[in-house]
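Paired with subunit B in one complex and with subunit C in the other, subunit A is shared by the two complexes that follow.
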Partner chain A sequence: MFGGATLLLYVTGMKFDTSGLESHGLLIGTNNELLSGLSTAPSFDIPSTTDFDGFQKEAIQMVKPAKGTTTLAFIFKEGVMVAADSRASMGGYISSQSVKKIIEINPYMLGTMAGGAADCQFWHRNLGIKCRLHELANKRRISVTGASKLLANILYNYRGMGLSVGTMIAGWDETGPGLYYVDSEGGRLKGMRFSVGSGSPYAYGVLDNGYRYDMSVEEAAELARRSIYHATFRDGASGGVASVYYVGPNGWKKLSGDDVAELHYNYYPVEQTVVEQVMAET
Partner chain B sequence: MECVFGLVGKGFALVVADTSAVHSILLHKTNEDKIMVLDSHKLMGASGEAGDRAQFTEYIQKNVALYQFRNGIPLTTAAAANFTRGELATALRKNPYSVNILLAGYDKETGPSLYYIDYISTLHKVDKAAFGYGSYFSLSMMDRHYHCDMSLEEAVDLVDKCIIEIRSRLVIAPPNFVIKIVDQDGAREHAWRESIKDAPISAA
Partner chain C sequence: MARYDRAITVFSPDGHLFQVEYALEAVRKGNAAVGVRGTDTIVLGVEKKSTAKLQDSRSVRKIRKIVNLDNHIALACAGLKADARVLINRARIECQSHRLTVEDPVTVEYITRYIAGLQQKYTQSGGVRPFGLSTLIVGFDPYTGIPSLYQTDPSGTFSAWKANATGRNSNSMREFLEKNYKETSGQETVKLAIRALLEVVESGGKNIEVAVMTKDHGLRQLDEAEIDAVVAEIEAEKAAAEAAKKGPPKET
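Right after this comes the complex of A and B.
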């Protein structure tokens, strides 16, 4: 086909433009300083690997937190706000959009689920049993510190055996609101705000920026909802429904459960654009 | 990226640690206290894997307390250090703890002392020591400027020099540090060196 075109152009007297076919010779590994200043195609150093696309993917996967979910919790003036998405994924397949990731340990304590669903559900249920036994044995409710320590000790014993749990224990006890992060490596951290899961870096950005200690319950709920929404927008492993729970002095209460797709159109409504050309009806 | 270092001065010992809790690229907390007060006159600064650090140091703390209850007198720093080393050694070939420890203490008879305890149960009594990536910068700094019987001002000044060096040269340097001191008046927090302030903890 090229031959035919060249023949045609040659016949008509035009010079066929073949500059696009010339190899630049700059793409792989040559010294750019020699040719700087000359007009050349922009180029960059490619890492020395045989599988470039796979290498890029691996690099991103390496830093991304492994647990495919977004959960967050933070303490503020009125109590603790806990929020999570509801997507379960198996590799690239979305197995469910309606998973309950906020687990009700007892009427004044919540746990969040990130990592293996079965592990989280089982061990939170187990923690609920231990908390109830503590109440019966000691005639008083267990503190959030105590409950999180129970869970952390259990998970520490199973360290290295393949449990995958990244959870936050949030509750209200005699000392006020409490929030702990506990994971299957045996780590336990006390803090004011945490986010766990593959979408957590995205959620942290929005959460850290909008956080103030003295927010009202509505403002805090909106911050939590917005942070989950933004994480689900960017992270493929998070999505479904953004649930928001509030833990106050009288226990926890579910505040909202909004589909993130609907939230998207609420926050960023589609604008009527000016129609430039109308197709005429013939 | 965890930095723990310490030194012995005239009548006191200092232990300094960074205060970041890190998971992969995420910084979960910037005010995590990694220097545990073992008893009234002992400090244990630890760095290592998340669960191991808290669990092992708490185990040592409770055993040191148990000894005091059982026998009516507290352990000396040397005894506590040797006990710690023994526990690490026993666990080493079964279920090793990945924790590096700097144990500082003050005894009435022998004064201040610092012990370096490795994750493979190495034990050394030292004047100055450091663990972690920060050790590459703080060890030479301390070798250059340390001398016997430093006053508190000189020692804190040296610690500040080390922290500045770590902050300026370490690629992902921890933002905040805590300095704890142990002397004849006991073990306590001396100061924080913060470049990022976390959200204030509520009074509750």
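Right after this comes the complex of A and C.
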């Protein structure tokens, strides 16, 4: 039982998650008199089908939107580089070309959005609240490790309930640059390079090929930009604007936001076709 | 059931919480405990009652007065020892829980705040009485390595100290510390703590228990021989000081 969050969800419906405002009490066996009235979990009727597990799987698949996007982040000598596209798609319909997929949790931490836009936005803002409360209570900033762990624990609580979040938490703390991948299955990985979304295979190809630890900020930004561009070129669910952010010891800074269609002509300029014959003017 | 939901801790007409004050009395009857913060060493010392003849000394040693809350945090307390056991267990769980949720060891301030919060909760709930103990919590900050000493009391307040004492005769110990405190390190800190304890305890390694915490080696209990050696040093210094006082005026 994870303290207050799960109990609130069962008893009062989808209430705002105030577990960030309570102190953490993973105290087994100390279910004190204050919480004793809420310990019975409500039950509900199971739909009558022959194959309940299959039905459950199908229901989750129906609710879970595919993560149509390309986001990437990598650690290098100077800090962390974070980049993403800006296309939102509903099936084959492009609903927006200007979605902000890099979420500013606080001045020194960024999160990327892949999966359900609402889920990502809400939970990143919630994480921002928790980080700020941690700062106020402990008079020091939360580490990237801690922030990613808070988010991963929350997402694990809602596992199987249809949240779709594939995010990377990038930041700079006392121990230097930090990068974690966190998803709605409850997974959390620490790493140097990540790419998330339907365009990630293409982005990985370019990113892994061009990556070196000792790059300058400009080289790293160009690598990130190029990786996003190539992913948007081949993946239909990615496009729009390639945003590139840099996280350094003084916090994050947005470096560029280029329309990928224009970037295409930067990398592949149109050659003037040689005119073989000029029509003679009579 | 109706009889037990009245709070035991209620305000008196002139704004006192008598149960909390009585709890402080219980603390004043407990064993003396002292803590001194040096630049790189923190020392905790407690008065030790001699074991009864028939008592198994091994089990007494197990009921240590100075305990670890985590690798880098230690606690000594004065007051009801049974309450101490419960509080220490909760604090130990919280230390591990914190490591699990944020992948970081607790800071001394955090765990002090937690223990103090717990003590406060029991002054404001129905059907429970406050914990009858004051604690001295010491440790090093896991990242900056700065040593800290905190004290909590039954009311749930806490504060940081350079040196403090609690339990029996704590006032005299505190006066002594106020007069003689200076920034110390290493063995000097140990000596200062033992000198404070010796003000109120009969001298000898049999009656005091001392533990030293350093950043690199964590908490180390001093054994009787070591304590006796320091006590002997202190006695020698005292004797020398006395002789120096008596010596010069006799010149004619």
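The working rule: the second predicted complex is superposed on the first by the 209 of 282 C-alpha atoms of A that agree within 3 Å, B and C clash if a C-alpha of one lies under 4 Å from a C-alpha of the other, contacts with A are read in each partner's own complex, and residues count from 1 in each chain.
By our rule, a contact is a pair of C-beta atoms (placed from the backbone, for glycine too) under 8 Å apart; a residue touches a chain by one contact, two chains touch by 3 or more.
Not measured: the values here are computed from a predicted model.
Partner contacting the larger number of subunit A residues, of subunit B and subunit C: B.
Residue contacts after overlaying the shared chain place A:P177 against subunit B, while subunit C stays out of touching range. In the superposition on chain A, A:G116 makes contact with neither subunit B nor subunit C. Of the two partner chains, neither subunit B nor subunit C is touched by A:G128. When both complexes are overlaid on chain A, the residue A:G257 reaches neither subunit B nor subunit C. Once the two complexes are laid over each other on the shared chain, residue contacts for A:G210 go to neither subunit B nor subunit C.
Of the two partner chains, neither subunit B nor subunit C is touched by A:G248. When the two complexes are laid over each other on chain A, subunit A has residues 153 in contact with both subunit B and subunit C.
Across the interface of their complex, subunit A is touched by residues 21, 23-26, 28-29, 32, 49-52, 54-55, 198-202, 204 of subunit B.
The part of subunit A that touches subunit C in the complex is made up of residues 23-27, 30, 32-34, 134, 137-139, 142-143, 145-146, 149-150, 153, 174. Chain contact summary for the complex, subunit A toward subunit B: residues 63, 65, 75, 77, 152-153, 155-156, 159, 175-177, 181, 183, 185-189, 191-194, 200-201, 204, 211, 213.
Looking at the complex, you find that subunit C touches subunit A at residues 90, 93-94, 97-98, 100-104, 107, 109-110, 113-114, 117, 125-127, 143.
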